Amino acid sequence: MKVTVINTGGTFNKRYNPIKGQLEVPADNIALDKIIASCHNVEFEIKNIVSKDSLDMIDSDREAICEAIKSSENDKVIIVHGTDTVHLTSELIKQRRINKKIVFTGAMVPMSIDEVEATMNFSQALGFLSADVEDGTYIAMHGVVVDCSKLVKNRELGQFLIQE
Amino acid sequence: MKVTVINTGGTFNKRYNPIKGQLEVPADNIALDKIIASCHNVEFEIKNIVSKDSLDMIDSDREAICEAIKSSENDKVIIVHGTDTVHLTSELIKQRRINKKIVFTGAMVPMSIDEVEATMNFSQALGFLSADVEDGTYIAMHGVVVDCSKLVKNRELGQFLIQE
Amino acid sequence: MKVTVINTGGTFNKRYNPIKGQLEVPADNIALDKIIASCHNVEFEIKNIVSKDSLDMIDSDREAICEAIKSSENDKVIIVHGTDTVHLTSELIKQRRINKKIVFTGAMVPMSIDEVEATMNFSQALGFLSADVEDGTYIAMHGVVVDCSKLVKNRELGQFLIQE
Amino acid sequence: MKVTVINTGGTFNKRYNPIKGQLEVPADNIALDKIIASCHNVEFEIKNIVSKDSLDMIDSDREAICEAIKSSENDKVIIVHGTDTVHLTSELIKQRRINKKIVFTGAMVPMSIDEVEATMNFSQALGFLSADVEDGTYIAMHGVVVDCSKLVKNRELGQFLIQE
């Protein structure tokens, strides 16, 4: 399987900087690399762009993500994104009607703090793309992969939940 | 989404027993529970049977797994299994032509030692079942989910690889 | 051995709050409990007070720490403290000339992110108190336990280093 | 502070070999290096010898340990040793009346599985050697550092306990 991963930052990637005493969104793929190391049957193209907390994303960032998807080598694309505005970016991408299988994912807790949740969300995207799915814009979080409009962040619970 | 998980043991579940100084296959779901805790959109039925290193499985164990699949509440079934004989059990189940979506998974390193690989394999199965897949017997390991006959354990590398 | 632990907060205790998307200093002893679980030969008295990032500590907090030391059941006392102002608090305590063996410790990275550094610093304090040491105010960080005036935080490196 | 570490193997160092499906005692210092990385104030001499489960140690292994202690650059020596026969080796070393401060340590659970217990035991040895202790043969396990004859492995509990 061939998959393009567009890593845009967000909680998924955050790491603690002991000098500053803060969590930072790094511009590298260290969080991702730990998962990918076990994907022996996937050929990845990885693009690292934006590298922001998604609350700080501006229109030009979303356009950059759109361009990265359009120019990706593969028709299977996973986008690692912050959870706070993933609904905005995914809705924008959906409207562009790109003929690819696009799956947004991310994490509520940084991979550097809890390897389970981040690995789960990303790996669900991979498993979904292993199936013969139609072109579309999806989101993979907390147990399921569905159309990006159907899974919504509940900010009180800190969980993405299917919108009934 | 509703999913039945049949946990049969294997490396995925192994834990260190400090009294005996050995890794053991426990008869509980502690390894699984850590992943499931983040699956807020899945209703699980969990069956814990056999609880063996798969090298120790005998015919009656495989029949028990077959019965557990047939009697599962859901048509989406994930089977956590040891990697050494998963090809035997999955082939047997495939021949039984059960009208369900059955995905075998497992791990090369215990969840208690490396949370990434085990979580990845299990979560790929979940992502695959989120898609509208046909009835069949599949295996989810190391980046992909495919028909159980197509992914084979390379014992020198310790990796499941697509059989060309 | 009998030891009083006064847990005042700091980086050592910080945990990620996925709802707020931030690290917080909790008012509990979860970070400490994980270490103490293996201390089968120590009888602990544990006091949880202040629970602050040490940059936010005020004079009354330091007086509260002083009172907690004076009223501790044991003459062996470990104080878990934030690294940014541990030099101020330890100097104050030293001036009070309390007839106890008082060891300050803490961590540059939260126990919830890196279990090694926090466990190391705390455990060095325990090992030091196992020896027949004189009353005094010490600090246990990054490999050694010395008089609290002799180990200084290098803010560029993020390391406590012996002051030559 | 200058410390010689003699790493002889044991549970402390064990790592999972996914090809063999077993825990092995490696002949490297990976477990140790993770702790030492935070010891910014210690100059280490590290010797890696024997590399065995301590149940497999023979007389010549113990003589090799004795020679390594005698020829160590520093008078502060930590010996990482398996827990099953640490009482035999430490008793032998004690009888040799070497004029150094010798601290045996180890772990009930491999550092590769649980970083807390192994880090705690080793770091207590470091903290103890930071104090002005007399020459002797000590053991650092589970909360305390005492003369090697006074802390005994309880094989039912999997704990080293002070012998009353």
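Brief remarks follow.
Chains: A, B, C and D, in written order; residue numbering restarts at 1 for each.
As a convention for this text, a residue touches a chain if its C-beta (ideal position, glycine included) is under 8 Å from a C-beta of that chain, and two chains touch if they have at least 3 such contacts.
The chain lineup, named per UniProt: A, B, C, D = Asparaginase.
Everything numeric here is computed off the predicted structure, so don't read it as measured data.
Chains that count as touching both subunit A (Asparaginase) and subunit C (Asparaginase), per the definition above, do not exist in this structure. Ranked by how far their CA centres sit from the centre of subunit B (Asparaginase), the chains are topped by C. Counting the residue numbers used at the interface between subunit C (Asparaginase) and subunit D (Asparaginase), over half appear in both copies, so the two copies meet with largely the same residues.
In this assembly, the C-alpha centroid of subunit B (Asparaginase) lies 39 Å from the C-alpha centroid of subunit D (Asparaginase).
Centre-to-centre separation of subunit A (Asparaginase) and subunit D (Asparaginase), using mean CA positions: 44 Å.
Between the Cα centres of subunit C (Asparaginase) and subunit D (Asparaginase) there is a gap of 26 Å.
Counting partner chains per residue, subunit D (Asparaginase) has residues 157 touching two or more of them. Taken as a graph of touching chains, this assembly is arranged as a ring, one closed cycle with exactly two partners per chain. The chain pairs satisfying the stated touch condition come to A-B, A-C, B-D, C-D.
Residue ranges of subunit D (Asparaginase) in contact with subunit B (Asparaginase), taken from their complex: 11, 16, 18-19, 21-23, 84, 108-110, 112-114, 155-158.
Within the complex, the subunit D (Asparaginase) residues that touch subunit C (Asparaginase) are 1, 34-35, 37-42, 115-117, 119-133, 140, 142-146, 151, 157, 159-162.
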